[in-house]
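The letters A, B and C name the chains in turn, as written, and every chain counts its residues from 1.
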Amino acid sequence: MVTQKEIQHVAKLMKIELIDPSIYERVDKMLGYFDILDSAGVESEEIIFREIPITNLREDKYIPYNEKLIEKLNHYKGTYVRAPKMV
Amino acid sequence: MDIKISALQFTREVKSGNLSAEEFMAKTLEQIQKVEEKLHAFLSLNDNALKQAKEIDKKIKLGQKIGKCFGMPISIKDNICIKDTKTTCASKMLENFVAPYDATVITKLKQQDAIFVGKVNLDEFAMGLTTEFSAYGPSRNPWNTDYVPGGSSGGSAVSVSAFECVASLGSDTGGSVRNPASFCSTVGYKPTYGLISRYGLISYANSIEQIGPLTRTVEDTAFMLNLISGIDSNDDTTVDNHGEDYLKNIDSGIEGKKIGIIKEMIGDGIDPAVLSATKDAISKLEGLGAKCEEMSLDMVKYSVAAYYTITATEAGSNLARYDNLRYGYDFSVEGYEFNSYIEKARKKLGPEVTRRMILGGFVPSAGHAGKYFLKALKVKNKLTRQINDAFKKFDLLIAPTVPILPFKIGEKIDDPVALFLVDINTVTANLTGKPAISIPFAISHGLPIGIQLIANSMDDKLLLQAAHALEKTVKLPEVPI
Amino acid sequence: MTKIGLEIHCQLTKLESKLFCTCKANYREFEPNTNICPICMGLPGSLPRLNQKAVEKATMIAMALNCNTPEKIAFFRKNYFYPDLPKNFQITQLNVYGDTTVGGTGTLMVGEKKIRITRIQLEEDPGRLIYEGSSEKNQITLVDYNRAGTPLVEIVTEPDFENPKEVREFLNILSDLLENLDVSDPSLEGAMRADANVSIEGGNKVEIKNIGSFHDLEKAVHFEITRQQSLHSRDIPIIQETRHWDDKRKITVSSRSKEEDLDYRYFLEGDIPWIKINEETKEKLKTEMPESISSKKQRYITKYNIPTQVAEVLSSDKFYSNLFENAHTKENAKEVANIITTDLMGLVDTREKRADSKLKPSHLKEIADSIQSGKITRNSAKNALYEIVKMGGSLSDIITKLDLGNITTESELSKIIELTISEEPLAVEQAKSNPQTINFLVGKVMQKTKGKADPKLTLDLLKKMI
């Protein structure tokens, strides 16, 4: 069971404005379904991941991007990107 | 002229001069004009498609070197970047985003003279399995337009099924290629993780998703895979397949192969028609000399919960960049404080994406990761161990692609858990990185049923050989459009 | 007891390209937002392409700080929204699934004191925010992404420092070490930054961020200790918090409590597989590592008989030690060391002066050899050095141009001494009765020869001639 307050807290974290009131019920239902994970009995399981040798990595070489990316961007003033004010 | 031909037929015919690429393209565009209003597969069309086809014909006439696609019309899911083309992810958030580069798969197909006829519909940011969550409206199933085409690569499956293109590229995070392929009666392929570069695919859950082709035949899939697979320096997760030719010896058959029937994927909740089709497929495979035997992967029970936990977490992070500061839509930053601006800007994300963002913020958070995210990773790991063990005994695994028949538009959209369960048979291949294919197998009450085969990592060639063998046992009616 | 711990961020400025893309690692020479590409701007569909050399150099740093280096390293995402972070997450490293950062626990000696290193991680630097005018009036924030994706190594220490002086000594040693490894130029603005955490009497830990320079770091730590001591003496509890260094007022101020607690939701970066670094690679890196400062110092002392203090200065500064290595021979080593540490240091004491200097190792060698062969005096050498640093050119030309050549023949020198004796009869008389005062006459001769006469020869001749 997840509380409305918890959902509001997460929404802030994720920069999501909650408009649709049905979201509480739906998210609660989804999370409720995830409870099944508790009975999977996987506590002792390790986390493994794909591996590659260091030699597969990119060579350290400077290659400038061949287009003026800045001109394709939103909100740019002269040469800077404009962001909202920080408080 | 027939536009209902396979990719291999198309390339053979154009190469031999029996078919003009331009004429074929014109017919294809005509078909699009005819059916789009009903089906809504496309989000945007390539205005230069006809001109590009004309160029191909000219090259052939002049005897110039030409790529293996010979001007074949291909549709591309709108989460794959084509340079200087809108790539919206079916989201209002990216309605004006023009990709400044080509995805690796696009670069490769361009080199082979493919023509991208247009960008096709999907659930917003590929989150969904019905294409109903597209911000630009749902696509419809050509077999019955009241029904969903599956998703998230719904536009891909519809466009192939309704002859609006010869082949399509979709992306498969938890079944997003195989599910709509099954619902629309096309072949749908999810390769071994890393076989196809993801560079230029807009990430949803990057640790498990792959680009995959949707085609009319298994041979066409092998043909496409030959063109787009292989290691890519732009994607550190790609694997080297040493230039494997997937078409070569595709008719090797499956005699003597051992096939495991995944018990957990034909259990509770399966539609009787789907179950009987699966049994039929098994007996056909046995008829071809394969040995089929029931087996168990008990982690499948937890796979959907693990899948949604992992995908929500990765999506929450992958979609964080959509703050409208560097690209996006017109909305001035003036007068806003940072946090409130980002919240306002992100209101363009649709309801399903919004819900997944909340889940994605919750399940890996400091207080909850132990209960949700970490357990999900462990289920993923245990499932992988189980399936690896299974492949010590079996060459292939079989299950229906989707345990139920296509359903009506609007029928399940409000029940998230019911929607979750539609994914139960497809997410295993994603969580374990294995290749899997959906083959059109039966039609029940006018609705398609697909059969899924799964192989071990890098056994993509074996998988295609088996799928090809099964496909040859099937004769299906033509799509009623 | 006061406990201070540090988190030092060091850019790998000596790399060619950024951590995940081929844009320039050293972004300083660019116009705003011109050193960017789809990858470092986090455009949809872009993927990180890890720089091999960045992993190697970070591993070298770990080795130089005596850290454990794991068999495989992993990257994680640190999720938070900020305008300087194009993806709204930072790719960094953590040790949650075993030790997977480039460096585990290690140590660095500061004099006799052992400072423990907690871990070393490789990560990407964010872009830069530019605030125009006063912060109250600012309606918007400007962002320059040139720095976004610059390879950054974070070195975290245990709270082993007891006072600001130890912190400063540690940072000096560390910065020399990093420069010597040829991974970074710590003198570049912003190349090295540090945060500190401070606690006293076993109390709560306070983090101090936003410290612009190492100089300020010392001040900030000092201020924070005093602040905490003052609270402690009045029995006011010290709260665990993050404080910002206010550069203008030179105090630490409590960071405004955030609307929500940050929760970084760390998880594995799926776009980068784990990287295997096998023993063979590590051995290779070890052989490629430049000689350490302490080993260099020892070599200078034992092999060339250079005094300990001179050897220390010479070995700890990469610029000087490089000059020395390329200029010295077995015979002139001491002389070269001497020229560098007595005459050159004052001439090239800033980064700009070093960049502008025209001095080459071959110059130094020639000057040292000329002194040893008696061609020029030490005094003339100093003048020549000044000229060469400024203008370059060949030593012989400069000797001619400035008339620095030694007066080596006795006859020539005798003439000048004769002249001096005739001009200074009083001093001559004095010198006769009191030999100590003869130095006055030597000085007069030196004046006349502009320091080109050999002082010893002059004295001998003078003694004979009066």
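Rule of thumb we're sticking to: contacts are C-beta pairs under 8 Å (C-beta built on N, C-alpha and C of every residue); 3 or more make two chains touch, one makes a residue touch a chain.
Here the structure is a predicted model, which is why all the values come from computation and not from measurement.
> Determine the chain that sits nearest the middle of the structure, using the mean of its CA atoms as its centre.
A
> Name the chain whose C-alpha centroid is most distant from the C-alpha centroid of chain C.
Measuring from the centre of chain C, the most distant chain centre belongs to B.
> Would you mind pulling out the distance in Å between where the CA atoms of chain A average out and where those of chain C do?
38
> Counting only Cα atoms for the centres, state how far chain A is from chain B in Å.
23
> So how far apart, in whole Å, are chain B and chain C when each is placed at the average of its C-alpha atoms?
That pair's centroid distance is 54 Å.
> What parts of chain A, by residue number, touch at least two of the other chains?
13, 15, 46-47, 50, 52, 57-58, 69, 73, 81-86
> Hey, what residues on chain B touch two or more of the other chains?
Touching at least two other chains: 100, 233, 236-237, 316, 320, 323, 325-327, 333, 338-339, 342, 361, 365.
> Which chain C residues sit where two or more other chains touch them?
Residues 38, 41, 49-50, 81, 83, 139-141, 143, 259, 263, 268, 273 of chain C each touch two or more of the other chains.
> Within the complex, which stretch of chain A touches chain B?
Answer in residue numbers: 2, 6-7, 10-11, 13-17, 19-20, 23, 26-27, 29-31, 33-34, 36-40, 42-43, 45-48, 50, 52, 56-58, 67, 69, 72-75, 81-87.
> Which residues of chain B touch chain C in the complex?
Against chain C, the touching part of chain B is residues 80-81, 87, 89, 94, 97, 99-101, 103, 198-203, 205-208, 233-237, 313-314, 316-317, 320-321, 323, 325-327, 333-335, 338-339, 342, 361, 364-366, 369, 373.
> Residues of chain C touching chain B in their complex?
Interface residues on chain C, with respect to chain B: 38, 41-50, 77, 79, 81, 83, 86-89, 139-141, 143, 259, 263, 265-268, 270-273.
> Would you tell me which residues of chain B are touching chain A in their complex?
Against chain A, chain B makes touches at 98, 100, 193-194, 233, 236-237, 299, 301-302, 305-306, 308-309, 316, 320, 323-328, 330, 332-333, 336-344, 346-347, 349, 351, 354-355, 357-363, 365, 371-372, 374-379, 381-382, 416-417, 420.
> If you look only at chain A, which of its residues touch chain C in the complex?
Those residues of chain A that touch chain C are 9, 12-13, 15, 46-47, 49-55, 57-65, 68-70, 73, 76-77, 79-86.
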